[in-house]
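Labels run A, B, C and D following the written order; every chain starts at residue 1.
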Amino acid sequence: MTTTLHTHVPRSKLCRYNEKAVWYGDEDLVGDLLGKTGFVDVFMKQTFGVAPSVTQRRVIEAVLVTLMEHGMTPSAIAARMIYASSPENLQAGVAAGLLAVASRFVGTMEPAAELLEAIVTAGGDREDETLSREYARRIAQDFRQRRVAVPGFGHHLHRPDDPRAAALLALARECDTNGRRCRALALLSAEIDAVVGRHITINATGAIAAVLGDIGIPAPLMRGFAVLGRAAGLIAHIAEEQRDPSGRFIWDLVDGAMSEHAEPVDEPAGRRGAPVPTP
Amino acid sequence: MTTTLHTHVPRSKLCRYNEKAVWYGDEDLVGDLLGKTGFVDVFMKQTFGVAPSVTQRRVIEAVLVTLMEHGMTPSAIAARMIYASSPENLQAGVAAGLLAVASRFVGTMEPAAELLEAIVTAGGDREDETLSREYARRIAQDFRQRRVAVPGFGHHLHRPDDPRAAALLALARECDTNGRRCRALALLSAEIDAVVGRHITINATGAIAAVLGDIGIPAPLMRGFAVLGRAAGLIAHIAEEQRDPSGRFIWDLVDGAMSEHAEPVDEPAGRRGAPVPTP
Amino acid sequence: MTTTLHTHVPRSKLCRYNEKAVWYGDEDLVGDLLGKTGFVDVFMKQTFGVAPSVTQRRVIEAVLVTLMEHGMTPSAIAARMIYASSPENLQAGVAAGLLAVASRFVGTMEPAAELLEAIVTAGGDREDETLSREYARRIAQDFRQRRVAVPGFGHHLHRPDDPRAAALLALARECDTNGRRCRALALLSAEIDAVVGRHITINATGAIAAVLGDIGIPAPLMRGFAVLGRAAGLIAHIAEEQRDPSGRFIWDLVDGAMSEHAEPVDEPAGRRGAPVPTP
Amino acid sequence: MTTTLHTHVPRSKLCRYNEKAVWYGDEDLVGDLLGKTGFVDVFMKQTFGVAPSVTQRRVIEAVLVTLMEHGMTPSAIAARMIYASSPENLQAGVAAGLLAVASRFVGTMEPAAELLEAIVTAGGDREDETLSREYARRIAQDFRQRRVAVPGFGHHLHRPDDPRAAALLALARECDTNGRRCRALALLSAEIDAVVGRHITINATGAIAAVLGDIGIPAPLMRGFAVLGRAAGLIAHIAEEQRDPSGRFIWDLVDGAMSEHAEPVDEPAGRRGAPVPTP
């Protein structure tokens, strides 16, 4: 049945093995990678097929570090709630928390990357800045007209500038990995400020879309950096949970604030016991 | 390669289909089930191979209802955190919340079921109550000696009795689905009270282990009832979240209580915007 | 901090409890629900605030049963892969499988429901069928022009009709729960056939959108029925996995077909052992 | 209510922020970390409170790389099934795959680490090798008597030695990060060989337990390295899935092998369409 349905058989090139060796792509895990190649380089090779340069790696690691942590976010709260309920399954806490790395959290990274790509494309092979600027102005005017924030721009807190965005763009310049997408971001920023009549923050998402795009990361995979960075951050939350558990504190805090229990107010069944004795 | 590795090919008997029909097991979905057989009956047939009797179904639905909801638990908090972060993906919120249906939440159901099974087995084919009682006493003494709660017994809140446990056991009697495991639970309860010197609550987990066991549900599948019941409850939490969102309230509440932000204390980046503009 | 941020405190009305009782909404779990109210009714009450009528329940259970099972789908394969890797965590297998209840699986249910709602709205309070038909025609023409399938219509396999869709619509008529959305579906179907020049299948998703809509289920919650129904189906897959494990068979089958292992081809590390001895 | 319940308020020390800055622990994200500190160092600092030395980092990265990838495993298959069903949610595919990082996949790492810890403890503060050897012998004899594999030992494929284990232990020696746990592993290995009468493989899990333990990683957090490493690997699988989709191929392959469809055998509903038009 399968053969009749599929003339093309997809092959995974990521890993091969036999008794004596394991290969990642064409490289011998033991002979070529262990102790010789760093985690981020192997991740990049396996994911994008090419290892980053030293300077590209600095930018990539800065992006991963930026995306790692933001305190007691919904992602961290979910991870702690699940870990407290299933403490033998660290992976379940991380998996639950990663489900928050979605439209609300990194949602604007991909559309921002696509806008920058379109501005670059408008410039053509001769990289005509006038054409790119015109395209950027149309984007700014279009979003203004629709009264919608341009993906990658604006911040309720970080004004006039987002320190992370500024730092990432400066790092890309310092590392000489900045290119047409970083320039497109600058063009778009100038046009937005002109259309709005004041300076609008370039936020971290916009900066990440530009610096990753200039390194050659396609928009549909940019979310992968948020997932990897946040996975590391969630493991740190679970480590903190092991040292100083917050699961029941959060449970009591939220239940106490949101539930209207019959008087006398009691603790939820099993709030105290571990394992909780009743469903 | 596969053929050489596997002489036995596992077959799924759950579903077949062609242009004109879909079968669940041997039954025609359209001709035999839709409009004729209820959801719980089809679930039981597909999972256990046999539909419950009318009285068994009453007990099973009571168990599912008991396991559906317990307010703002870690399971519900995790589901709401993920739904608020990924509101286009209701299933992600439910999946995250279900990961809390683990050792701490229904953890004692399976060991309780195994204890009851062992007490039944001790009675032998002649169902010798003296032998079962002796075995139950040894269990009570052993846990007492180890200063460990017997799975299915004890409750910090519901004393002297857990209303849900009493109701489920009464329902099993009323439905005449109670059998050797419910009797084993009573024997064990009496021996525990004798050993401890006062009445210890039979909790809902212990009662569910007994009533499901007497219906023929194996211990390793009992958790499935908690998963199905809680899935329904989590959908209700997400429906409430759609009507009256609590995602940001919980985020602020927990972050405000657990984080020591630099002065001046500000809202976390992106706390206000939707989609959140920065990672 | 929280108080200053939130003038509105969201309250959960789903569950309250004290020493002696647990309430779901305003009902006493023990006194009002256990043994008296079925699982689907309590689910509907908790989720939508109202219990279905007997006829509505027949339709709802038929929808849940339809969405329960479709054989060895990606959802079932993922659930079995995770269960085989974490057999002490049935809930993890179900959670993984539920993540497949997404855009590709029930993706057209919500847009289909919105189209039907729009057709109903076009008819106005006087339920003017001419206005609804005109609106339906414009939809058919618009999708035809864009060469896109109308959500809820078309099937590569079930032609000319989808037996499940026909059965669900017939059941709604029999139960007298059909209303303006079922009529809107018929209008839209007639206009699509006229525009295309041949009969296009009304698929199960379109029928479910209509029959649930006429019962008063809002489009953003329709996915909840797919989640609940499929949760039951995935538990049945895990039960079958317990009886006749397929985890390693699937692993070998897929790995054998997609990997190009170094000669001599060997089993993956740990393919045999349980627990797998190496990462 | 909360205050009365909790005298201790857990605080998260992982992240603080205000308008102008974000801190990870006591470090300014922008001023101290971005472009200056690598991803793995920040992960280690946040998780364990201390940055690794250069040589420790080499060992840690080697462990992460070893755990990243093993081809078309259940973890990768689950991730691809979910991604194919929810391609707008890369994070859901990774989350599903991470749920396989459980008892069967890294299950022996933690018990292996505990055995090594116990052997070290037996040696006392004077690191008495005779006492440690005696303890190791008792472990070997005990497992032999119970006919159970010692966690961290044995491999069906890699014989007499696991190239990854040998490489990781050699790297620890080269980096001078090896200590009492690596010595305990060698002692245990010698005693097992003596008891069994032939050489038993030290597998990668055993080696990782030893080298991470000597760096100071507690057993309950070792699984975090498997989670982080595998998260990177699963992103690579999803990147490959974007380039060369295997979702439907795997679906057809498994369904074709495991389902007994009514003749004429047809494709499952919606196998072709995207989005799949029917549930």
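Basically, contacts are C-beta pairs under 8 Å (C-beta built on N, C-alpha and C of every residue); 3 or more make two chains touch, one makes a residue touch a chain.
Just so it is clear, the structure is predicted and the values come from calculations on it, not from any experiment.
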Neighbouring chains common to chain A and chain B, by label: C, D
Relative to chain A, chain with the most remote C-alpha centre: B
Winner on C-beta contact pairs when B-D is weighed against A-D: A-D
Approximate Å spacing (C-alpha centroids) for the pair chain A, chain D: 22
Separation of chain B from chain D, taking each centre as the mean of its C-alpha atoms, in whole Å: 29
Touching two or more other chains - residue numbers and ranges from chain C: 9-13, 15-17, 19, 21-22, 66, 70-72, 86, 89, 92, 95-96, 99, 101-102, 157-158, 164, 226, 246, 249, 253, 257-259, 265-269
Chain D residues within the chain A interface of the complex: 1-2, 5-6, 9-17, 19-22, 24, 29-30, 33-35, 37-40, 42-43, 46-48, 58-59, 61-62, 64-66, 68-72, 76, 89-92, 94-96, 98-99, 101-102, 157-159, 163-164, 166-168, 171, 174-175, 220-221, 223-224, 226-229, 231-233, 235-240, 242, 244-246, 248-249, 252-253, 256, 265, 267
Complex contact set, residues of chain D against chain C: 66-67, 70-75, 77-78, 81-82, 84-89, 92-93, 95-96, 99-109, 149, 152-158, 162, 164, 203-205, 208, 226, 246-247, 249-251, 253-255, 257-259, 266-279
Sites on chain D touched by chain B in the complex: 9-13, 15-19, 21-23, 86, 89, 92, 257-266, 268-269
